[in-house]
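Pasting a structure here, questions to come.
Labels run A, B, C, D and E following the written order; every chain starts at residue 1.
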Amino acid sequence: MSHTRAYRDGKIVGDGFPLDQVSDYLENGDCFVWVDFESPTQKDLEKVADELNLHELAIEDALVPGQRPKIDRYENFLFVTVYDTTFDGESGDLVTSEVKAFVTRRAVVTIHDASFDIELVRKHWDDNKDLIDHGVPYLLWGLLDAIVDRQYQVADQLDDQIDGLEDGMFDPKPQTMDVQRRSFTLRRSLVELRRIVTPMREVLNTLLRRDDMNTTKGMGPYYQDVYDHVLRVTEQTDSLRDLVSTILDTNLSIQSNRMNLVMKKVTSWAAIIAVPTAVTGYFGQNVMFPWYGTGLGFAVSSAAIVVLGVILYLQFKRRDWL
Amino acid sequence: MSHTRAYRDGKIVGDGFPLDQVSDYLENGDCFVWVDFESPTQKDLEKVADELNLHELAIEDALVPGQRPKIDRYENFLFVTVYDTTFDGESGDLVTSEVKAFVTRRAVVTIHDASFDIELVRKHWDDNKDLIDHGVPYLLWGLLDAIVDRQYQVADQLDDQIDGLEDGMFDPKPQTMDVQRRSFTLRRSLVELRRIVTPMREVLNTLLRRDDMNTTKGMGPYYQDVYDHVLRVTEQTDSLRDLVSTILDTNLSIQSNRMNLVMKKVTSWAAIIAVPTAVTGYFGQNVMFPWYGTGLGFAVSSAAIVVLGVILYLQFKRRDWL
Amino acid sequence: MSHTRAYRDGKIVGDGFPLDQVSDYLENGDCFVWVDFESPTQKDLEKVADELNLHELAIEDALVPGQRPKIDRYENFLFVTVYDTTFDGESGDLVTSEVKAFVTRRAVVTIHDASFDIELVRKHWDDNKDLIDHGVPYLLWGLLDAIVDRQYQVADQLDDQIDGLEDGMFDPKPQTMDVQRRSFTLRRSLVELRRIVTPMREVLNTLLRRDDMNTTKGMGPYYQDVYDHVLRVTEQTDSLRDLVSTILDTNLSIQSNRMNLVMKKVTSWAAIIAVPTAVTGYFGQNVMFPWYGTGLGFAVSSAAIVVLGVILYLQFKRRDWL
Amino acid sequence: MSHTRAYRDGKIVGDGFPLDQVSDYLENGDCFVWVDFESPTQKDLEKVADELNLHELAIEDALVPGQRPKIDRYENFLFVTVYDTTFDGESGDLVTSEVKAFVTRRAVVTIHDASFDIELVRKHWDDNKDLIDHGVPYLLWGLLDAIVDRQYQVADQLDDQIDGLEDGMFDPKPQTMDVQRRSFTLRRSLVELRRIVTPMREVLNTLLRRDDMNTTKGMGPYYQDVYDHVLRVTEQTDSLRDLVSTILDTNLSIQSNRMNLVMKKVTSWAAIIAVPTAVTGYFGQNVMFPWYGTGLGFAVSSAAIVVLGVILYLQFKRRDWL
Amino acid sequence: MSHTRAYRDGKIVGDGFPLDQVSDYLENGDCFVWVDFESPTQKDLEKVADELNLHELAIEDALVPGQRPKIDRYENFLFVTVYDTTFDGESGDLVTSEVKAFVTRRAVVTIHDASFDIELVRKHWDDNKDLIDHGVPYLLWGLLDAIVDRQYQVADQLDDQIDGLEDGMFDPKPQTMDVQRRSFTLRRSLVELRRIVTPMREVLNTLLRRDDMNTTKGMGPYYQDVYDHVLRVTEQTDSLRDLVSTILDTNLSIQSNRMNLVMKKVTSWAAIIAVPTAVTGYFGQNVMFPWYGTGLGFAVSSAAIVVLGVILYLQFKRRDWL
């Protein structure tokens, strides 16, 4: 499945044309073209590769999943790999989807699989039609900005989830197992987000500092803006990571504290319950203790149980063990 | 809501004039102007943006909250984002408020919302009237110095709170839950303060090292002074972070220790109480033990209980278990 | 044991010839040669060393095991040390095997012991015959790419194992000892993998940035590709390391939680069982309590046991202690 | 309170003269002067500031406590802030005292409060009279060397204390609370020492690398020596920090281990004590068990108690639970 | 105590001559000299210092113990401080010994105390006589290579010890106290080794990159080889550090797990033992329960005890609590 588009003079002059017309548009000196492939086969890509003179290694990278977010600078084109992210609030899992692009001077080719909705990027381009005059830099910026915006949102969602965790942690009737599982999943999602976002810094940096192909020409501040967003997500991810590990530590400390309280209670009640057992044991002996077999004995025994029990109870209450 | 001010020859020559007079003052060659907006609309800013020739991206950043502390260098102006901080001693929470500024060669435009009292900055400017001759660098310095001073104070308040925590931790009757909650909140506040302060280093560094717009002209030592304060806050934040995590660790160790003491006490008392139970059980058997049913039996039983109890008690005392 | 091969004009012109013919091929201006040694003796290497003018220190490094992954740049050749890795899924252990190579302008000499199957590299070369024209850079690239691919696979295997650990951790009937042993072994394997992979970055960097011997000539993008893989493995190793330590922390917290639950259950059942003991103790006293020796007494006693037991049981159920 | 001194031709030509004679000495071309202030007022400093043409910002920094260790480079002078440290072996606390200095080409002005004994520095100068010819660099070196020596000593004292901690930790009768409190205080002191020493590296580096005021002229090796000491203290502080955190971790582990041992003992003794209770309970039943009410019954009961008790005791001994 | 040696034309031309002949050899243009001092006095060194024109500061550093590993570059000589290490396998302690050297263009002076056996270095020199032509660079290389080899061995010994720890940790009958003490000592030794090895990188780097005194002339690959060893030791130290801290964490987790198992056993046996107590309590009441005082009562009681005990035992077995 593929989408195509051609732009000239700030307008869309072709939309959804067949792949073999790409060369027609490119021969026309002031056109620039966008081609999108969803889960392409090697054959699909090779046609375009010939047209745009793309290196076979980049074609291979475009087909094999699991690239790291990066920008490879070839002689006549750039090869960009980024990751779209969504956050599944239910399970706490991060869902990622690889998006790759070839960027030449006059064309952008995007490649992704069905899990990524390219409409997101197209919409972002259409919302910023005033920048269309910048040509290919406009298309690349639109792609990166859309992707980074989504990472930004995911970081905010993780932030909210962690806020929820904090509240749950000091809850007097905590669902400890839940806090553990939840904080673990969030931590894992953060690790993954970090893996995706950290290399983005380098990607943007390469574009801004070593722009030998004019891929950011005239749009410097816009790319800088994307870079700022990437930095913010990275910093937020680091802070959240710090928070989650503080939550894990604090949680351990809270549990240890609860354990102490339980132990104190156990001790106290065990002591209180041991009293009647000791007393009735005493009065249950088959030896001639005073009041053996008399009602007075019963009164003494009962009184001893009650009095000793109450004294112990008050003692423990006073020491805050009960 | 907006404030305005115009300066010339080291004096305030206009105060609270309407926004459309800004251009009059700027046309006058040796004036410089300050404009403040509280929670402005896009329309409010666009008027000024036209006047000062500000880039639309910076306008957008000025309106959208959640920027990171940064300095964006455009061709003809700087866009600065910093965060004012206050510390709520009651809850241990850090309260932050975003302050943004456009800095051109002849004007400073500050933007913030109602949670930030711009009077703090105005007062700081008025307290340093001797520097007024430096023009826009004086205004920018005053803004940054006021903000960083507040961060400095917050770091000191956090320091005090952590001192309090330390004292509480070794308290023989600790409010453990309190220490946990408190240290967690402080840790979170530190994470947040760090997020705000760390990028400030870069902001000041950019101003000091790459001053292509003369924004620090003639005030180098003053900006260096602000930079020193930023460094000190950063270093202090790192130290405090280290301390809080030591407190969490130590607290865990203290709790574990208390648990050990409780366990020893439980064991000891359980053993002491088990003695009369065993003895009276012995003398309660329906078999023909010596002194069955005699007063002597009672004496022996009572003596056994007391003697064994005392021996155990002394043993445990000697081993420091009680 | 040794393999030999000679290439000319993109074809293999000699295969398996004796070592003393190496010089014949090299004298022929447009040949390049590969020699492989399995566990060579000093004498074996010295013959080749004379031929290729190799430094005695490099010969020594080639014979002594335990070099770090590195690239040593001599005047007329490079000496490369890398590690092949396989992962033993059963035991969770990482198995490593040292592979060394001398790289001159016209020859590549590989040295390894029996634990490394050089066929892996030969197959990789044969699979990429289209690059054969690049000469020695092609051979070196093939060697590094084959090795790094294997490290890549090991990192993925470790990833899978850690996923398995996560699932096991929240299992309601966990094999805790297993999780501990497993996570420890994985952590150790990660530490080892890191030790092998981290210096690889420097190796590739040296080849790409300081290529004074033309060892990457014409194959820049291919070496860049290997470098990207190295970076990905490094980043993945760091993430996994983070995950394993989160797993250890979470596991501790889960255990502590389980302990709390066990303690609560112990307390509850101890209290419930203490009731009949206290009641029957009461009715077992040799004093004249009401209903002494009567059937009514039996009924009262039995009723007291049942009623008190049920009340306690329900109380504990309500508080979620049972 | 102030001290003054003037040097010429390697000799002290004035000592304790009034402040207003400073200018007389300075007018004399080949004199250099030292002035010391203890807790000066603004007025005190302003007199000297006029004389030496010091910047008002530096004056302000000299009066306000809480500067970070730093070196500020003004056009015509340096402003140095360092911290003197002493270690209170009793409490484990670090005591710090701020020392500041203005360094011009011909004068050094030191500022401190009563907690710092300037005699330490004066003595250090007098002990190195052979260097007096170097002028101001000699004075600045003497100041820094004296201060860094003291930090060096404090690091060694902390080292000793931590050695003590280690010994205490494995003590069979540990004062756990003590170890915790002690290790916490030491950790705090280390954090503080780090905060003071780390920026000293930068201070010395600035003096050695960017010596545009000739403040180290002719004394390079001496300043390098101070720098080496600073590095050593920094490295030692890092190592100690590492050790203290290992001590905290190990201590937790030791406590947990002790807990396990206590638990095992509790279990064992509880089981042993439960035996007579069960046996006497059995023989205390009001049912017609064999040997009911006979001396043989007593013998059987007593034998059962002893035999079962001994068996259990030996079992537990064998498993190392007792 | 001192050793001396003079070399010319690749041969030893003087051995063990008195110190005052050193100048004779040096006046002879193509000699180079080695002098070794064991625990020298200031006077011993000053004689040589005059001869070789050594700076007094370096003399002082040579006499005062506790320098950090470093290289000080004076105008006409280098001053090197390194540490020899041995590992005491019994106690797990690291033993270090300071070795210092002055390196001029024609002489090497080594200084150490009795704990270092200079024969180790002399032997290393003699084993590499083929390099003798390189003069002073040969001597310095021999010294550094011998020292670094020893550090290399110590790192390997620590590696073995940590392997032993790992095995011990999962031992079903662990000597926990031992693991703790051992892992603590190893961690401390690692911290110390790190403190000694890390600055060695800088030492070798300075020699290789800033060789203004030709101290590595013609022996570049040999010094590079030493540098590789230093890097390997540093990397190994970091990995081991990581492993030891993983061991500490895992050990804590294992202990916590064992605690859980103990607790479960305690609970189970406590419940099982509570059954006869409850039953015999029931049948020991002085009320008219069915079968009061009959043999049938005895049978019922005994049966209840056995049946309930077995049921509980099987239940606990099934749930894996026993």
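Quick note on the criterion: a residue touches a chain if its C-beta (ideal position, glycine included) is under 8 Å from a C-beta of that chain, and two chains touch if they have at least 3 such contacts.
What you are looking at is a predicted structure, and each value in this text was computed from that prediction instead of being measured.
Among the remaining chains, those touching chain C as well as chain D are E.
Chain A and chain D have Cα centroids separated by 40 Å. Residue positions of chain B touching 2 or more other chains, listed in rising order: 249, 252, 256, 259, 263, 266, 270, 277, 281, 284-286. If the chains shown are joined wherever they touch, the resulting network closes on itself as one ring, and no chain has more or fewer than two partners.
The cyclic arrangement of chains, taken from chain C and going next to chain E, is C, E, D, B, A. Only residues 166, 169-170, 221-222, 224-225, 228, 231-232, 235-236, 239, 242-243, 246-247, 249-250, 252-254, 256-257, 259-260, 263-264, 266-267, 270-271, 274, 277-278, 281-282, 284-290, 320 of chain E touch chain C when the two sit together in their complex. Those residues of chain C that touch chain E in the complex are listed here as 55, 57-58, 61, 66-68, 70, 72, 74, 173, 176-177, 180-181, 183-184, 187-188, 191-192, 194-195, 198-199, 245, 248-249, 251-252, 255-256, 258-259, 262-263, 265-266, 269-270, 273, 276-277, 280-281, 283-286, 291-295, 297-298, 300-301, 305.
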